[in-house]
């Protein structure tokens, strides 16, 4: 053999529920019936929240909105695996898990309405504000995870990004820093197959994002992102690894963006209907429902009451959103620095005179 | 309205030579320029995020992929440094790439390629290599998007020698200036005022008639004061011109069109005539290009200045999200007030 | 020489309160400030390329790794965006990182993190998160290095709201201002004039005595003209002061120290007194910070101005390699000539 | 088996000469005796050129200089594999191969003396000017390689970078674009184990740079960079792959920086002497000499004449360097744009008046 092997490894994919929701018994995580129910309920709730947002946008009550439809399992599974003190470093499509982590829905709606107050989360939620420049936030997740390690805290930072974001230089720098400094960080990449109009196969010639981990000396795994049990299990393992000081993991949640990129986009222009069809048959919510049914954890009646509950919560979010007073113009200036410099004092004054305080 | 029609008349006049013309939006004018140059010159390529199948998030590159194929219209991975860096190599090896940065707010990841390489290649190689490339960026506010979709970073480009910077304010200029930019031998950053991509239609010559770079345009003649603007803010200047006119103030509106090289002669000529000047831009005031305009005027026309040059600019803050955006953007009233300050000085 | 000694006297005086002092170079003063803050506050961390074992390519972080260990002094991979981006996370989670960009010429890859995040975090989260971090960058020319090792990009920082920008011109200020920067709650970009890292020693208080940000320093009193400068160019201003003095021209030298926020009062006070002004910087003139100074002065002191504000700046070109560097850098004679222009106007 | 393998990663290393210069017969590339000699001579020449540069720098006749000592095989092997029409996209430590590709030595010296004219290479050398911002040039190599592909040219672009540069975001973006667009490009990374004072193991937790290729769907290989035959063979294979339209390859030439980072650096502060000792025993020039000897292709006499010839060439370069007239101050302005704008006309005038033309 002419050449000597200096590196040999594999990239694996974890699936627990098959496309129809039938579980591989051996792999089903040991969760209580209530936890299984919770996983399902949380997905139902997210979907309601999402549908309402699309609605509000159509009625002009929200601005441009990015739907998470199809990614409910990826976010609900991870959410159940995370601990209270853990940090989130989100991109812009993580509102499902943000709600589950205690961020009030009306703030999330406010963000999409074009209100910075929507990114002032309640103290202690340990969630950084959503980052729009794709990929850039993964470095922040490394920094937070490093802080947790340096302080000997028992918490982990989860950094989110999409498949498109994985092409940005910052993705590389973040994973490489993570390999070197071994922060308490988990990289959670939701590969929903599209970056606006660019399909994953045009985003990279690599067959998966998970295999990028080979370049950084950290573990990487792909998980069926429409399989909430698999997402939970993979996240749990990675979070434990980080928590116990063994460093970062790259998780690729292989899922699908069921909606337009945002309400400003029209996916019909670039996306084959068969593809939507294919993924509809792998709907994360439906698959979990089948699992619950197989365990006798589901009933029409319960379903109805979840739905009602979910709708009620979402309606309360909308009320709270619309009860927010308009932001005061001075907000433009007041959070730029720890104190107002002379130029902002002048500009603020001028604006207040203009609008008549 | 009146501003609009009288302006288009102004253009119709300017381009009288170039009939026949058709009424296009600014977005259509850019699209037409790209199409015509790609037909004329096989070395012209288009690359960027979503520029192909999707036709661009503003539909500016619509139809180009079908017309010219994936070798000349490239949907790239999501990486701005990659887009500009690959364009550098294409240009060095003989192509004329027209790269798109989806929003100027996402220019930052490309700044190393743009400032350390695009701007320097000719000088670094003492002229052996030069980069005939264009980087298109929709810029500015007014569309109520999320963060980073409204910014104006022209001042950063202007303190970086080596880049020509062009900003059209209307469909006819958008086409004519882009034609010149693509044919130009130096790298050009071409800023598209996204808020007026579809705000109005105007007569645009059907033929490919380049408008020379480096020449400003007197959008309105006036004798009392000069309002300097470019891109999207020309609209505000024109509205101010109308409003001031009703008060009997005759404001000249100078549309710079090219920020580097600046048309200094046109600037001085106008201000020496009017004795008063204001400059309008969306970018923050501090160290914005308005400062350069004011600095040049006090340097070279101090004795003609009857009042300080007034700057009407964005605040020295982050560009606000949509609920507060309207408070940030310079508007007619602020321009009018600035002009009054020059008159009442 | 005379400039040097008389200047150090000036400082000794300024810091008379703060005895005991020792004679340090600017590089040693920065090192001492880092060391004292790291001793005082365990949340202060240092990270960057070659800052650890090597002690920094300018030896500014020498000894820190041995003193504080690899958890607090981190040699990072070669990636500027990574350095600043990781510092963002560290700061958001309660540390006070002091990140180093090895040369300001290599700031570009970090611009997305610096401008899109560091400058915006507080505002984006409406005050919930803020980033008490410092980004140190050796800047400017005079050391005859390869390309990209001599640049001054302060104007780019200043058109980007959200960053405090500090530039010391001497060892005592370097220490006192860095102490303030590290203790400050807003992100600070701290520019170190590398050409004078070891050019001279001056009295520096041994104790940790912060010098407040946002306050300029009158380096020399004068009545005929104000020379505005910062960082490395203060030397040239002081030399010009001496030369002009011999001609009987009394030039005031204003060392801005902090570029954002600018000490407007000090600026106006001085120019209203002298009626003439020049501003000196290494960065290109076009859209450089000198333009902002001139714009502010004509805006707010037009009637006091007896002559146009003169800009003595780098050329609007790439910073040349060492054989031509001396022609590019502003020097005493250019400052003197600019002052003469204000006197002869 | 719980998880399903979706990717198998294997990275290989090629060695032909062992540390003492003994060849693995089966692997020795089919080259003529003259070519074997040329490989050796070229390394001797490079080393002379490099020693002279260090000398000139010490005498103040050059500015800061970056030595390539130790990397002669990596550059000579590749040079022999490249064709005339191929392009080079260098970083700042490629002067060895640049000379072999026809860039006059006095221009290279001029570059290090601080003279931009040193980067105006003779027409047709197809070498882009050296790039200092590390990693950034790899994207240019993708662009050039793409141009060659689009024009159907039979040439290849070789992009160079170091181990430190592989941590920059542009490295990632370049490899990813290359996977997607399949340009006629070869990435040639000289891993000399150090990025100034940062050792490779602190640069990344990945054991090699070659294994990064798994993240981009392109082939990657590590080669003993001090083995000129292995460097030639690996480069040849990659160049052929690119030439025939099969896309880019990542080559990691595993070598060592025998000198200080540059003359402005002092490696004693951070580098263990044993390490230098270890690598001295793997000197690329010595190993090739042993190979030539084993083939009876070397003699004292020839060696003496190479050396003399090399020294003579280098001396001519120095003469040519020092015969260059000082650059005219107007050079600062004359190459910024296709024509001088008014501000440069003014500034040029002012300078010329100042220096008295």
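Here the chain labels run A, B, C and D in written order, and each chain numbers its own residues starting at 1.
The working rule: contacts are C-beta pairs under 8 Å (C-beta built on N, C-alpha and C of every residue); 3 or more make two chains touch, one makes a residue touch a chain.
Note that the structure is predicted; figures quoted are calculated from it, not measured.
Seen from the C-alpha centroid of chain B, the farthest chain centroid is that of D.
Of the two chain pairs considered here, A-B and B-D, the higher C-beta contact count falls to B-D. Mean C-alpha position of chain C lies 37 Å from that of chain D.
Per-chain Cα centroids separate chain B from chain C by 33 Å. Each chain gets a centre from the mean of its Cα atoms; for chain B and chain D, those two points are 41 Å apart. The multi-chain contact residues of chain D, meaning those touching 2 or more other chains, are 116, 133, 167-170, 173, 176, 180, 202-204, 331, 336, 343.
Touching of two or more other chains is recorded for residues 76-77, 79, 81-82, 105, 108-109, 112, 116, 123-124, 147-148, 161-162, 260, 286, 315-318 of chain C.
Against chain B, the residues of chain A that register as touching in their complex are 63-64, 92, 112-116, 132-135, 164-165, 167-170, 195-198, 202-204, 264-265, 269-270, 326-327, 329, 331-333, 336, 343-344, 347, 351, 354-355. Residue ranges on chain C touching chain B, taken from their complex, read 105, 108-109, 111-112, 115-116, 119-120, 123-124, 147-148, 153, 155-156, 158-162, 260, 283-284, 286-292, 294-295, 297-300, 302, 305, 307-311, 315-318. By the touch criterion stated above, chain B contacts chain A in their complex at residues 49-50, 52-55, 57, 75-82, 105-106, 108-109, 144-149, 285-286, 315-318, 320-325, 327-328, 333-334.
Residues 2-15, 26-27, 167-173, 176, 179-180, 182, 202-208, 210-212, 214-218, 221-222 of chain D are the ones touching chain A in the complex.
For chain A in complex with chain C, the touching residues are 87, 89, 116-117, 119-121, 123, 128-129, 131, 133, 136, 138-148, 150-151, 157, 169-170, 173-174, 176-177, 180-181, 331, 334-338, 341-343.
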